[in-house]
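Please go over the structures that come below.
Each of the two complexes below includes chain A, the first together with chain B, the second together with chain C.
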Partner chain A sequence: MTKTALITIIFLTSVVIGILVGPTPLDAQILQLRVWRVILGIFAGGVLAFCGCLLQGLFGNPLVEPYTLGSASGAALGAAVGILVFGAISPVLAFFGSLGVGFFVYTIARIEGGLLRDRLILAGVVMSFLCSSLVMIVMVMGGRELYEILYLLMGYLGIIINDSNRLMIIALIIIALGLVAFLYRFHRELDIISQGTETAAGMGINIQVFSLIVFFSSALLVGLVVSLVGAIGFVGLIIPHVSKLLFGPKHRFNLGASFILGATFLLLADTLSRIITVYELPVGVVTSLVGVPFFIYLYKR
Partner chain B sequence: MHSSSFKTLLTTCLLLLCIARCDREETTDEYRIVSLSPAMTEILFSIGAGDRIVGVTTFCDFPPQAKKITKVGDFSHPSIERIIALKPDLVIVNLPEQTRTKKDLDRLKIRTFVSSPHSLSEIYAELSALGTTLGLHEAADSLILYMKRNIDSVHTLRRKKVYVEISPRPIVTIGVATFLNDMIREAGGENIFADLDKDYPTVSQEAVIARDPEIIIVLHPQDITGRIGWQSIRAIEERRVHTGLNPDHLMRPGPRLVEGYWALKEIIND
Partner chain C sequence: MIAFRAKNVSFRYDVKKVVEDVTLSLTESEFVGIIGPNGAGKSTMLRLMCGILKPVTGEIELFGAELSGQPQRKVAQRVAFVPQETHFALNFAVEEVIMTGRYPYQRPFAREKKEDFEAVNNAINVAAVDDLRKRPVNSLSSGERQRVVIARALAQFPQLLLLDEPTSHLDLHHQYAIMELLKELNARGLTVVIVHHDLNLASLYCQRLVLMHRGRIKATGTPHELIKRRILKEVYETEVLVMEHPEKGVPQVFLRSG
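After this line comes the complex of A and B, so read on.
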């Protein structure tokens, strides 16, 4: 109970910091911008960490997350194709990119009766690089500038919100939150599966169907996030571990805590990214600065 | 295999090939130019050297005759092999975008002319140097004179604050190290990001709102008037957002800057 209160307080503090701290003094207009930015931060950070927790539970692998699985870069590739074809980022194409790469990585890592842990990460990282290169090619061929590509591949919360995209953004966020609520209901199945697939099968869980549901939904979630704010890395990796340290292995607490802590982490990272320099940095720069050492630590452990 | 040694091998082979071919053909007095800069292509045509151009980039679309010239790649990725195949006496390169191409050309001992203007005076200096290089200094001087005469200083008591948006995602604008910054000043305005010591900085929405521009010039097709948080900006309140300008008249350091300047002058002194 006290831990729940603690993370709630930290979360609310990060929201306040996200709104109050910035390079310009606050007025009504700036407030509107910051509120939107905080909403996007909660949405992106929460969803990415939630997906990370979900996938880590499903695969029983502590290094899995949308970014290391390659599905974030796959979504970015879909988004880039959307920019080229329709002149705007398309959530549908981002979803298919995310799903396609996710499935490809899954197929590579699958062997008779199970998954190869290391191969999953290896394939994911390789596909991530491949997709980043393809994003480059697609964007350069479309006459786009390098900075645009950089912000798509690293993620950026300071996107422009106007009359024409406001409703779409709200709709996407509602769909995402609905999906999160739907997936949360599977916390018991996740607990059992992370104990081992044999036990799960013995308890009557159809692992094939369950994996498909989780995989498909998390690909959709990643696609939604990337189509709005780009491919932000490492939130989905670090946060579930922190949450596990605080709340133990039960997904009933873990999934929710991951969402809240993910939102908190991204809000703080974003605040940092906009006060470090006069120029705006992609938020992925900050999350990677924290995330890469953490990744190495986990791998070495 | 290290890529550097592979590159050396490759360039040596190409060089040998080039020398072999040069030997077979008779040398001509004709001066062969490859222009990798759309602005310089325009300049070459306007000083009467258009017929000497043997290669351009896919971005070189003005004057219309330029489109008929052999392409050697796009602005950021010119093909060194295609350039060599055209046996140029001079290659005009843009820095910093074409730094790699310049290095390759230097290694092959192909003469280059560097274009990298960050101000109006640098444009004039480059033009003058180009005139000397090509032996066309009279034509170059008269072009400089034409530009200087037309891009004249407007005297104002108070400079209007101007914001130029090049790209919306992320927001890219112009800093002090651009000729467009100079042109805005000459036209009686003041670039709101003139304090940023860069050419094309990425800035935040907050920074634009805090600097409260009186005039906004948009050089991309997206509509900016419905943006959340931007409604208190004076330019938006007073409907002084200008979208119809030709980016090539403002971003390309060539003779058509004059037309861009006229448009700026009209907007700023309206």
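After this line comes the complex of A and C, so read on.
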């Protein structure tokens, strides 16, 4: 399929650009930094877009993204508290923030005898607001750490990798990719759920169990991403739509394409964030700045 | 052979009983209509029959096997359910929609097999939707879409087909076309159960009717036995006239106006 070849080429190009292009000349040390940045970019962009595609499919709602369900805000809150207390992003706190809020959202949405998907979205949005307020409080208390928290909220791929955190980061990435591979197997279920929950139930899909698996898996994935590179927005919302425009609605193609396109997009946005101004911009700023015009162009075409 | 048997089946949402103490059995290749006023429990009964809802008490058997002991995937290989109206959140091509009917037979990660494509082609031919197969499903009219959903159900290779008011949103032509299609499927040996609000269509096409009222089965019988002024007045609380269909001789219902 030519479209597949095309996005693969664009993806590989974005990897090369991500490694070669930057404000400083390339030497061994910079190369190492850039390679890590590219790895994190692929991981974060891919996972966020994948989760977006998954959740939009599950909820049959094109506005849902990882941040709608509260888990990203929970992770950001956990990470912000980590910065305040320990002076550095703490993956453990971010992770528990994400799962904690996810669990809370689930508890609110649960009703006698089942779980309503619309309630899940509403509960997620409400909890996001709560977490944002709490992050603001942390920022006000932070003072000196304000700048760092700001980058956390907007996302930043240039974290320092050293001997103390390298193994942990590799382990987290492997766990996340394993989970992505596991979730990919549900592409048929998502296709059927988009035709109505009764149809799905009649064909043997347990909607309750399936929703739970997808909801908590994506909370976990988003927790992993935010704990490493902060709350990068826009990718999870828009990339699944781009993928759908290019490959049609089937989740077999869409889930995979979302991952590749998300990774590509984040790599290019990160490269831009390094060269667009003298200061390095948070990558989350660039994703929206560049992504919105591109999306409008694609959507109106 | 007995296709379906329910014994003392009850179901309730919260505390309100929706289906109460229903005992019913269907023979293979029957064409059965479930009729009754709004809230009589018809749609719930249909969902109990295909395992979407589980009875609170009582037993349900499908082709001699207890329903509650079977995984829903296995049930879906024998029973297909067509909802009243299907909303497609994603704009699949028609043949992709029909392919999803193969889900009960597919393993995760595995590609579609030759027999899946054969089943889809067969369903497309039988439901006569060949000229629509590449079309985006949301570009179809409601009548065409209902045909596609029936084709999807046929791709499940069911022995029992359950339909919830399949013609309620359709114009005269599509009502006729869908009912003729079901009649043809039934002639090929498929057991068809249809929930119907239109008593005249039900009377015209169904061999047997099941009249439900307040969660219970009020009566079962042929259209001639059930479509009677006295029975309808009692159940629907409405005065009607019943006359014979000029060609088929089956009873048809007329409302009296003021």
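Note that the second predicted complex is superposed on the first by the 237 of 301 C-alpha atoms of A that agree within 3 Å, B and C clash if a C-alpha of one lies under 4 Å from a C-alpha of the other, contacts with A are read in each partner's own complex, and residues count from 1 in each chain.
Throughout what follows, a contact is a pair of C-beta atoms (placed from the backbone, for glycine too) under 8 Å apart; a residue touches a chain by one contact, two chains touch by 3 or more.
Because the structure is a prediction, the values reported are computed rather than measured.
A.B. asks: With everything superposed onto chain A, say whether chain B and chain C fit together or clash.
C.D. replies: Overlaying the two structures gives chain B and chain C room side by side.
A.B. asks: Check whether A:I160 is in contact with chain B, with chain C, with both or with neither, and answer first, second, both or neither.
C.D. replies: A:I160: touches chain B, not chain C.
A.B. asks: Which partner chains sit in contact with A:L177 here, chain B, chain C, both or neither? Use first/second/both/neither.
C.D. replies: After superposing on A, A:L177 lies clear of both chain B and chain C.
A.B. asks: So in the superposed three-chain picture, is A:M203 touching just chain B, just chain C, both, or none of them (first/second/both/neither)?
C.D. replies: A:M203 contacts chain C only, not chain B.
A.B. asks: Just to be sure I read the superposition right, which of the two partners does A:P25 touch: chain B = first, chain C = second, or both, or neither?
C.D. replies: Touch status of A:P25: first partner only.
A.B. asks: Scan A:E148 for contacts with chain B and chain C and give back first, second, both or neither.
C.D. replies: first
A.B. asks: After lining up the shared chain so the two structures overlap, which partner does A:L246 touch, if you call chain B first and chain C second: first, second, both or neither?
C.D. replies: Neither chain B nor chain C is touched by A:L246.
A.B. asks: A:I108 contacts which: chain B (first), chain C (second), both, neither?
C.D. replies: neither
A.B. asks: With both structures placed on chain A, which of the two partners, chain B or chain C, ends up touching more residues of chain A?
C.D. replies: B
A.B. asks: So if I put the vertex at the Cα centre of chain A, how wide is the angle out to the Cα centres of chain B and chain C? Nearest 10 degrees is fine.
C.D. replies: Computed from the C-alpha centres, it is 150 degrees.
A.B. asks: After the superposition on A, what does A:I192 contact: first (chain B), second (chain C), both or neither?
C.D. replies: Touch status of A:I192: second partner only.
A.B. asks: For the superposed model, what is the least distance in angstrom between any CA atom of chain B and any CA atom of chain C?
C.D. replies: 39
A.B. asks: Can you check the complex and tell me which residues of chain A touch chain B?
C.D. replies: The touching residues are 22-25, 27-30, 32-33, 36, 140, 145, 147-148, 151, 156, 158-164, 166, 274, 278-280, 282.
A.B. asks: Touching chain A in the complex: which residues of chain B?
C.D. replies: 76-77, 167-172, 196, 201-207, 209-210, 223-224, 226-232
A.B. asks: Quick check on the complex: what are the chain C residues that touch chain A?
C.D. replies: The contact residues of chain C facing chain A are 14, 47, 50-52, 71-76, 79-81, 83, 86-93, 96-97, 100-101, 103-104, 106, 108-109, 156.
A.B. asks: Using the touch definition up top, name the residues of chain A that touch chain C in the complex.
C.D. replies: 57, 60, 112, 185-186, 188-189, 191-192, 194-196, 198-199, 201-206, 244, 248-250
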